[in-house]
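Each of the next two complexes has chain A plus one more chain, namely chain B in the first and chain C in the second.
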Partner chain A sequence: MVCDMNFSELLSRVVQDTVGNNPFGDLSGVLSGKQPTFMDGSLLMFLPELIVVGTILALLFVRLLDLDKVISGQSVALLGATVALLVAVVQFLAIKNLDPSTSGVVLPKTMFTGLLVYDAFTVFFKVFLLLFLQLVVYLTQLTGLPDRDDAPDFYTLLFGSTLGMLLMISSNNLLMVFLGIEMTSVPSYAMVGFLKGRRTSSEAAFKYVVYGAGAAGVMLYGISLMAGLLGTASFPEMAARLNLVIGSGPLKLDATLLTLLLSIVMILVGIAFKLSIFPFHFWGPDAFEGAATEVAGFLSVASKGAAFALLIRVLLALVGIDQAPSGVMTPVFFYLGIAISVLAAVTATFGNLAAYSQNNIKRLLAYSTIAHAGYMLMAVGAMMVLLNASKHVPDPAARWELAIRAIEGLLFYLWVYMFMNLGAFAVAALIRNELFSEDITDFGGLWTQAPVLSFTMACCMFSLIGMPPFGGFTGKFMVFSSLFQAGHYHWAMWGVLAVAGINTVFSLFYYVRVLKFMFIAPAKDGARRVRVPAWSAAWFFVLSLAVLVLLTGMWGAAPLSATAHEVAAALFP
Partner chain B sequence: MDLSSYLLVGAVLFVAGVVCMATKRNGIGVLMGVELVLNGANINFVAFANYTRLGLDGQVISLFVIVLAAAEAAVALAIALSFYNNHLTIDVDQANQLQG
Partner chain C sequence: MNDTFWLLTWIIFLPTAGAAGVALIKKESVETMRAFALAITFATFLLSIYLTWGVFDPTDPGIQPRAPELVSKAAGGFSSQEIAKQYGQRGVSTTWIPGWNIEYRLGYDGISVPLVLLTGLISFLGMVASWSIQKEVKGYLILYLLLETGMMGVFLALDFFLFYVFWEVMLLPMYFLIGIWGGPRREYAAIKFFLYTLFGSILMLIALLMLYFGSTGSGDVLPTFNILKLSAIGQGLIPNLAYSPAVQLTAFILLFIGFAIKVPVWPFHTWLPDAHVEAPTPISMILAGVLLKMGGYGILRIAFPICPAGAQAACLVLVALGVISIIYGAFAALAQTDFKRMVAYSSVSHMGYVLLGIAVWKLTDTGAADGSRFWLQGINGAMFQMIGHGISSAGMFFMVGVIYDRVHHRDLNKFGGLIGLMPLYGGIAIGLFFAGLGLPGLCGFIGEVFVVLSSWNYSPVLAIVAASGVILTAGYILWAVQRVYLGPEYKGPHPEAITPLTEREAFVGLTLLVFAVILGVFPNLLFSKMEKSTEQFVSTMDAGYQASIKPATTTAAITNTK
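Showing the complex of A and B:
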């Protein structure tokens, strides 16, 4: 608490925290890339987000000043996304080459008086989200989802949603958890309803907003209970306060513990809704089917990635990373990890089984998204089990190493998932533009008409199944090996692993069914023909996604997993 | 007045909101339930700000929540209007075209 300061002192402190001591000196060092200098002002660490904000303002002014005849909204959006991505990449290189012994900079640093945190994990996800944003902006230009008049509105929503995700991944305070989730959700409700005149689109948006607002309300109530119980909303203080509130000695199921468990469950409900985890998955297929394909692709990757980052941050804040191995709550968190894994197994099974009977490609991919959220959640469950297995592994460093491997698997999976899922949605969107149909039974004979689209779809589908040599195999292998490790400490994790393995086989059938229509079934009589000329922008875009899916499974796997390992290790300084 | 009386008001608002969300068939009614839940949480925050170590943080959080609730209501009502334009009703049970 800052009580013994007068107002001007407080003000100068806030200004210094925001701007830093020597902002322009830092900026030149960072941009030239010569020395991995470090910024001590929040604004410079926040630069990619500021560029996103600037792009939103530019889009609105383009509309306001009637400049959209000179420069289209699409170009402004693409420029903004590219610049923000470049700055984030520079930040990532700077943070990777940072040597604490020479620079004297200790990570993680906090931004804006401790509300946000800046570490390798934050910047890694910034690169992830901004790269994905750029790809989606490019895809929407290829498919022409927003026309020239609607472009500023659409990209304002898209960038606003991404801004919320950027807050989610760096949140260091319970307030930012809620703010980030809401800032992500509110624009995405509007994006789902963007096809205004369609009955299905308005229905999808209506369902999404009703369920989403309800889940956010429940989550906020959980946050209020937790903040009140612990007397703090700041992540770094939460684990210590938790041990203080629960007290030492054996666990008693008294009012304090019950309230605490209730608040944890309520917060997890809010995050599980964003992840579309069973039983909070029902909005997903409806929202995806009603929304435009590009929007569905955006929601299925970006909001999942950001929600996983947030989930890891919240769980690590509760478990704590700097305490003695015998925290009072350790057994509770151990079983919470098992519960998360079991829920993940149920989610994956449900998603895979429900995908069978689907003929709409967006709905099928929505259930596939649910299944993949289940696989990725297994890594989080394994992380919780491994972190809290103090009865079996008293040495914290050894437990951390195992947990780092689990997070590494999740991060790797997310990157592969970005490429393969975006590839599948991009092909679906391009086919929709030609066929005016999203029904996979209409996809007959596509192999002869559009070989590159079909080839990309095949790569993405085999990767989603988890076949070598595609990236999906490597990601699944890493997650499953973490599950196997966690199984040494509780047999239930081996059960989850078995269910996950069976699920992989299940999923084979409905993914291959799509390919069967594209490659084997003949074209329907009188069906429109799909034409994607070679060397066109769309051709190049889908082909590069296919190459990326292949690369992450082959030569790219080692560097990507090494980077993911470094990033995950940075969570445990 | 002690802390638990305030928490009781918050809890009543929360439960009323959840019941409202679960039982109302009118879309606007559901959104009003959401507002009740958010304000139940807000009462908690303000009460905790006064009685626990949470301090001013609680009041600041409640201010942010008020702003966000307004933004969310604006978007939700716009979507409800768009739903009405397409369906000529805001009965949530009529949102049954997408399923399976």
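Showing the complex of A and C:
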């Protein structure tokens, strides 16, 4: 039908797709759900990203026009992040209250002629990433990581990387997958090497670049194979094409299937690199150790969150959610789910074992990040198994319900993970500013000097172990329950569950070791004293993170899990 | 949400509120903090007394509070099966995480009420004993109060998820209380305690997932964590919904290991001597007095009722483990030269009676109950032993702590003649040690006798072995009393530091001794509170076992006729 169009018609349709009929909407109708506000025209749906872009420009202009005497780069960044977050929140509320019958809007909507997708999942992750961005910007202000001169450079990189992540989470096309990942990675390389004078920092950045470039190359190759094979790169069409290409009848291992499997594996390698999944995790500890603590904290949470969102999107596009239950590829995806879960179990085990001997807090948290990526990947594996267990559960709606639970667990886990990991990195950064040390053996007797820092660290560590009443437990419980459910359809998933349980016990050692130094060991002779005065901004910041970690395990668990459930359910028609 | 809901909530969370209060008091005003924390534990104790005598109805065997429609029917008007089916109308609840059907559900019956009372008492006395803590008092008091919240929560929770949360919550303060305020090997002891319990908890978590997801027949109904409903399913009281014997056995083994670590049952006991020895005195009192009872309570409240078939299949092993614990603990206690370590091993031995009493569940070959009166006696004995041991072991640890505070050593061979130097202390201590020994007229006697008598029905051989444990107990306790309190003179270091008991110490010791005597002379005070509930427990378990193996036996019968 596109062929029948002349150029001007095409142009006007592109313009309409971009700007919409009613570009400025009706803000009063946002929360009533009657007006399709923010859901008409790509630019409006893209507004938070545009604000991020605007902030980057503002930061550059501040430097160019010598305005940083008047307004500091930090303030511009904080303002930009906050406004973008607020817009994203309004978008989320608008989607939550959307009433399709009166507004006439049916989600998901595509943006920019189908390259990006706009649905509850997108906006949920927008809020996640922008909230995290805002918290990180605030943290860097507290710790003074970039000085006044460097601030515009640093925040440009930070915002650029976030922009890439925002593209990742809303990808609707294999091309955008690659663009998003690259756009996230390139500024990250520079951020890791931001401490220019330090050798380890440059080395870390170099390692990160080499690994990243390699993984990106493999991924691009996989994308080209898949797009070539399927004749499309657009997510909504992939599953149908896949079934056409493979054909009906018994599955046989011919060249087409092999190429297809190869391309799937290659694409997953690219995402696994971002997630630091074994055996693509080697960059993680080095990059984290070399980078500033704040940057490590940013990478450990934001890039994981975005990569998990992307992974879910890619896998759902392959499986296809509107296909008949008898897809030919179903058994392949079923075993792919098991393979992912086993890989996740290996990753978690490796991360936990390697974390044992670490004394550098950043390196320890880097291995902990690897372990947690493993736990979260288990939810993805469980989702694939549950989604493709058509042999055991013929009713697709029942399978979807199970898969929705798995995604709900992952989303819940990611939110808790954001608070607890950022809390741990924030405390580490604040201690570094006082002690000039990142070695946990120097943390002796800290709790008598800085009780709130120590309290937050204890909350975060216990939450990372997965102890109630902290949010980490609730998240882990949800992931474990998906694994258990998946175990009904293949015993290997129960094996993964057992490994996950044993890992939880193992991880106790090194997390508690940090607490042992902070609480039990005496202060070293002549060590500097840590002072974080009560009611100071830093005191308040870490305390509120601790409270959030607690809340997600108590009263907050109900609304958060309900929201995560709604968002996950919105992925399925 | 009625008055009882708030009463139970206050019993659990008043200590937390107190902890928040302590956090607001200035670090320098140590005495104010101590007095405030003491007032909080005392108020909690008063609330638990009010619960026991003012609210709790001992004539109703089921979980209380009841829904109004059940109250109107005369007490005892329901059969035990009917009571077991009233899972929706018993206890008080409010939703917590509705998407997962997780509730904040509380309730009490004759099994939990005595333990709540014990927790209130021991926490209060432990707080009185905490005046000996001098280091970082503020942190200590906060953690102590949080610990009390965890313990009360475990005994009052009726939602398995909530139970699990409280079970773990109590771990966190314990780690710090042992790790920061403990003895020389405190780091090792704290992490060992933490690790053992966490390992057990993970097994429990897996069992929890099994039971949770098995508690719904169709995808439309959300599964449940309600312990009463899970029990009803396990006992075959809900049509078309049952845990198969294989599931029951797996879940029971997982749950049992989780609880057995806490009891502790041989061979999961090795954390206990380290934790007890390194913990400061008040924490040892709590550990022995309350924490160990959680294991027994978990077995009674969760493992047995939800998995009757699994429990029955494992009974012989459980009885054997109980007897081994009794004998092993007693021999190990005999071999100790460290006073506190000896008392710690005596706990292993005494808690073996609890397991033995719970597990003497004998059935005939056809699955009918064989002498359930004896099993009832065993359960009653186990419950009594839990309370009695809570009093006597807390007392013994306190007595050890008193002398350790003065002379700073615990070597049994370097004491002697203390009764002459500290007559009041010596008198109270000997009284409490005799209570631990199981002397008639004191609280340790009733429980042991009931358990040993009931075990005769199960297996005369094991009964004889268990009874011989009593002799070993007498051996190590009398020997210890002789070496520490009797004898001509004190042989150890710091003889100059031996001063008479302070009033505070005398108050703690005398209170415990008074309770030991009261329970020993009037055991019915306790039995009258719990016997309806234990009767209900025994009869539903017998019926539940019948029901839960029924499908299997019918299929077996069909295959036989073919």
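One rule holds for everything that comes next: the second predicted complex is superposed on the first by the 558 of 573 C-alpha atoms of A that agree within 3 Å, B and C clash if a C-alpha of one lies under 4 Å from a C-alpha of the other, contacts with A are read in each partner's own complex, and residues count from 1 in each chain.
We adopt the following convention: a residue touches a chain if its C-beta (ideal position, glycine included) is under 8 Å from a C-beta of that chain, and two chains touch if they have at least 3 such contacts.
Note that the coordinates shown come from a computational prediction; the quantities given were computed from them, not determined experimentally.
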*Considering only touches as defined above, state whether A:Gln485 meets chain B (first), chain C (second), both or neither.*
second
*asked:* Looking only at contacts as defined up top, I'd like to know whether chain B or chain C touches more of chain A.
replied: B
*Who does A:Ala558 touch here: chain B (first), chain C (second), both, or neither?*
second
*With the two complexes superposed on chain A, say which partner A:Glu401 touches: chain B (first), chain C (second), both, or neither.*
second
*Can A:Phe178 be said to touch chain B (first), chain C (second), both, or neither?*
first
*Report for A:Trp447: first if it touches chain B alone, second if chain C alone, otherwise both or neither.*
second
*Given the touch rule stated above, what does A:Phe112 touch, chain B (first), chain C (second), both, or neither?*
neither
*asked:* One more residue to check, A:Phe206. First (chain B), second (chain C), both or neither?
replied: first
*In the superposed arrangement, which partner chain does A:Phe462 touch: chain B (first), chain C (second), both, or neither?*
second
*Given the complex with chain A, which residues does chain B contribute to the contact?*
10, 14, 17-18, 21, 27, 30-31, 33-34, 37-38, 40-42, 44-45, 47-48, 52-55, 57-58, 60-61, 64-65, 68, 71-72, 75-76, 78-80, 82-83, 85-87, 92, 95, 97-100
*Show which residues of chain A lie in contact with chain B when the two form their complex.*
1, 174-175, 178-179, 182, 185-186, 189-190, 193, 196-200, 202-207, 209-210, 213-214, 216-218, 220-221, 223-225, 227-228, 231-233, 285-286, 289-290, 357-358, 363
*In their complex, what parts of chain C are in touch with chain A?*
95-100, 136, 139, 161, 164-165, 168-169, 171-172, 175-176, 179-180, 186-187, 190-191, 194-195, 198-199, 202-203, 205-206, 209-210, 212-213, 219
*Complex contact set, residues of chain A against chain C*: 398, 401, 408, 447-448, 451, 462, 465, 467-469, 473-474, 477-478, 480-481, 484-485, 497-498, 501-502, 504-505, 508-509, 512, 516, 519-520, 557-558, 561-562, 565
